[in-house]
Structures are given as C-alpha cells and as structure tokens.
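Chain nomenclature is as follows: A, B, C and D, assigned in order of appearance, with residue numbering initiated at 1 for each chain independently.
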Amino acid sequence: MSVRVQTADFDVGAELIQLRAHNPNVGAVASFIGLVRDLNDANKVSTLTLEHYPAMTEKSLLAIAQQAKARWDIIDTLIIHRVGTLQPLDQIVLVAVTSAHRQAAFQACEFIMDYLKTQAPFWKKELTDAGERWVEAKATDDSAQQRWQP
Amino acid sequence: MSVRVQTADFDVGAELIQLRAHNPNVGAVASFIGLVRDLNDANKVSTLTLEHYPAMTEKSLLAIAQQAKARWDIIDTLIIHRVGTLQPLDQIVLVAVTSAHRQAAFQACEFIMDYLKTQAPFWKKELTDAGERWVEAKATDDSAQQRWQP
Amino acid sequence: MQIKVLYFARIKEAVNYSSEEIDLPADISSVTSLKNWLALRGDTWANLFSGKQVVRAAINHELVDDMAVIHANDEVAFFPPVTGG
Amino acid sequence: MQIKVLYFARIKEAVNYSSEEIDLPADISSVTSLKNWLALRGDTWANLFSGKQVVRAAINHELVDDMAVIHANDEVAFFPPVTGG
C-alpha cells in the first residue's frame, strides 16, 4: 500500500505498471483519475488550489487503504494526491487497486475514492470568473460514502 | 467511442491521455486492465490463447459501449481487447470511461466489463501443467451482468 | 434455404471445421430446430446440440436466443458461453 | 491544560491564523465545549463555532466527532467539510 501527497504531476501509465510489476497473481487493475474541470457551478475555473493538513493527510489516506484491504481480497493499492495550485486539465488524484479478480478491484477503488472525498483533509479553493471561492462539500459525496457502511 | 481488437500490446498511459486529451469537461477517468494470471483453478498457466469471431467482435463491443453511453452521463469510452497467444503478466483488455463526475465513469466502466465478459465473442484456451483446456464461463460473471438489468 | 453456419472454440474443435454452407430443409427455421437437425448428424453432433451442453447462437453477428428465426442467407454462429475480458 | 489548535481552509482565513497554543480552563474537555468556548471570542468566532456552520474536528490527526475528549498536549484541528479528490 503506497500513499503519496505531492505538488508534482504523476505518470499514470508508469504508476500502474509499477503497481502490478512482476506479480502474476494480478488479474485486475481498477483505477481512477480525478482531473481539474474548467467549469464548476456554471463558473469558468482558471485555477484550483488544494490545501491540506500535512501531518494528517498521508495517515488518513493510509487508513482508508487499510480499510479497503481488510474488506476486499485485493493485492495492492496506490493513492497519489496533488496539492498546490492546478489548472483545468491537470491531474489531481490517482487511485489504483490490484487484485486477482475484477469485482474486488472495482469495489475497493470506488470505496477509496468515496472515503477520500469525505475523510481526507484536503480543501479546494477555485479562482473563477466570479472571483475566488472555497469549493463546497457535496451531499452526494456523503451519501456515496455512507452506502459502504454496514 | 473507440473499440479495438488487436494482437499487439497497448500503452495504458498513452491511451488514457489520448482519451481525455484537451477536453476540460473531463473530471473523471475510470479504467480497468485485465491481465493474464499464472494460476487458474490450481493449475499453472503457461500461455493463454484468445480466439474471437472477427465479424462480430467489434460490433458487439461497440453495442456495449453504446448501451453504457445511453445509460450514464459519460463523455467517451475506450475498449481495447487483445487476441492471439499471451503469457502470464500480459495485458488482455483495457476499458476506460471519461465523465464529468466519478460515479458515472465507475458505473459505466464496470457495466462494460460485465457485459464484455458475458456478451462479446471471445474464448480463452489455456496451456497449463495439466494440458490444454478451454476456460469455462463463470456463473459469477452471469450474475454480475444480470445485476444491471432492470 | 441456403445459410452459412460458423463454429467457434470447443465446438469448432469438436466438429473439426469452422464453417459450412447448409441448404436447410423447409421446416428448419429457428435456432432450436437447426440445433435439433444438426444433432442428427451423429454422436459428436448429438453431444453438442441435443441440449446437454450450453451452446450460444448469433445470427448475423448478434447474440440471439433459441427462439430466433433464421432467414435465407443468414450467417448463423454456434459457440460456447464466452470467456473474454 | 495546554493544547495546540490548528485551523484550515475557510476557517483559517476567517480567524486569520493557522495555529495557536491554548491553555484550556479546567472545565473544557471535549470538542463541543472547546467550540463553545472559542465561540465566546467575538463575532467571527461565534459565527464559526456556535453551530451555524459545519466545522469538522480532528484530534491528533484522526477525525473525531464533537463528543470526543481532549487531553493535555493534544493537537486539535478545526476545518470545514473536506473537498479533495
């Protein structure tokens, strides 16, 4: 289980190859990339700045990956999340999960994204044509996370 | 919507970049890679040979992608499936879906994989330490596909 | 009527060829009746097409169920449940 | 007791600093009582901490709910609902 919080961009192809490298038990790799869109709530976005809580962020992501590992029969997970100022088209986050069979990889990947969205200490501030504003948390993200609870 | 059936390997990183290239509406890329495992039903696998029905294969994959597009608010889809003889660690299939928000991309990607597994005319033959054998279809793949039906 | 029939995977190996042109008797007009008719060709065919094994069918490159009607010049394909992905 | 308090995102901007050391009165020992106590600091603080806004808390880098107990030397963080990913 690997977790990285960084300002630098990442190479998805290389990361996925690395994650499954030399392990012939891996039959499935499910992955998710989150990207900066140029439009949010009808406003044109020019930059997106991600603030985080450094002492807590990696610990929180690792705890989410560990929960996924305890819940599904998966082999490995990777979470990369960028911080700092980004532009539309930029990559924000990569979550990837390897497993023998596809269901576990898909479920764990979605689970990690849903928990990351609601539990990991990141906050987005947008610069739009209407000025600077903090992005509001979405009720749909809370309900996406709650569906995994017993 | 792009569909390719080929003997050659594919570069996942390059394909994903290409799929979302220059489109700032894309906020989410969900993808799945299927790989050859070295073990199936307790037998060591040395090669996996994929046969298909050339006149039907791409048509069938395109129909699956179109169903996903009709059902979820997605932007684009890519399906690459290899045929011919492969070894453990080799890539078999890539399915990728772009959308504004993650739920649609995840759901459409899983839907496409579940339909591909049960509807697209591919057949796997393994060479194992117990000899050559056709891979049996799995009841779990049928039920995975059936959960999407109304 | 004249149709083309294709076989794939373990079915192709069992019957030992991949395609044939068939001039169907007038009373054979569905996938079911074609399967029953093929099953009369001998042990190998009976084993495949008399219902003991799951045999999927496509007509003109679309999956169909056994009720599907066959028309002249159709391309009918028989194969085991698919195992791609 | 002595604790460290951190503020993030819009809360940090509102209070205009990111961290402080606080010597808590003896009767302040939960997240709820700390919030209520901070709300007494003036309008900005009342607006943030009197319950009108959702303010999440972490103690020693773990998300907690408002019932959570605070101990000496804890690092308590306050922030809006998270919006990463």
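The criterion applied here is as follows: a contact is a pair of C-beta atoms (placed from the backbone, for glycine too) under 8 Å apart; a residue touches a chain by one contact, two chains touch by 3 or more.
It should be emphasised that the depicted structure is a prediction, and the values quoted were computed from it without experimental measurement.
Using the contact threshold fixed earlier, the set of chains in contact with both chain A and chain B is empty. Inter-chain spacing, taken between the CA centroids of chain B and chain D, is 48 Å.
Centre-to-centre spacing of chain C and chain D amounts to 72 Å, using the average Cα coordinate of each chain. Taking the mean of the C-alpha atoms as each chain's centre, chain B and chain C sit 26 Å apart.
Of all residues in chain D, those that touch two or more other chains are 85. The residues of chain A that reach two or more other chains are 34, 102, 113, listed in rising order. Those chain pairs judged to touch are A-B, A-D, B-C. The touching residues of chain C, counted against chain B in their complex, run 6, 8-10, 54, 58, 61-63, 75, 77, 79-85.
Note for the complex: chain A touches chain B at residues 11-14, 16-17, 20, 22, 24-39, 88-89, 100, 102-103, 105-106, 109-110, 113, 140, 144. Interface residues of chain A, counted against chain D in their complex, comprise 34, 50-53, 55-56, 59-60, 81, 92-93, 113, 116-125, 134-137.
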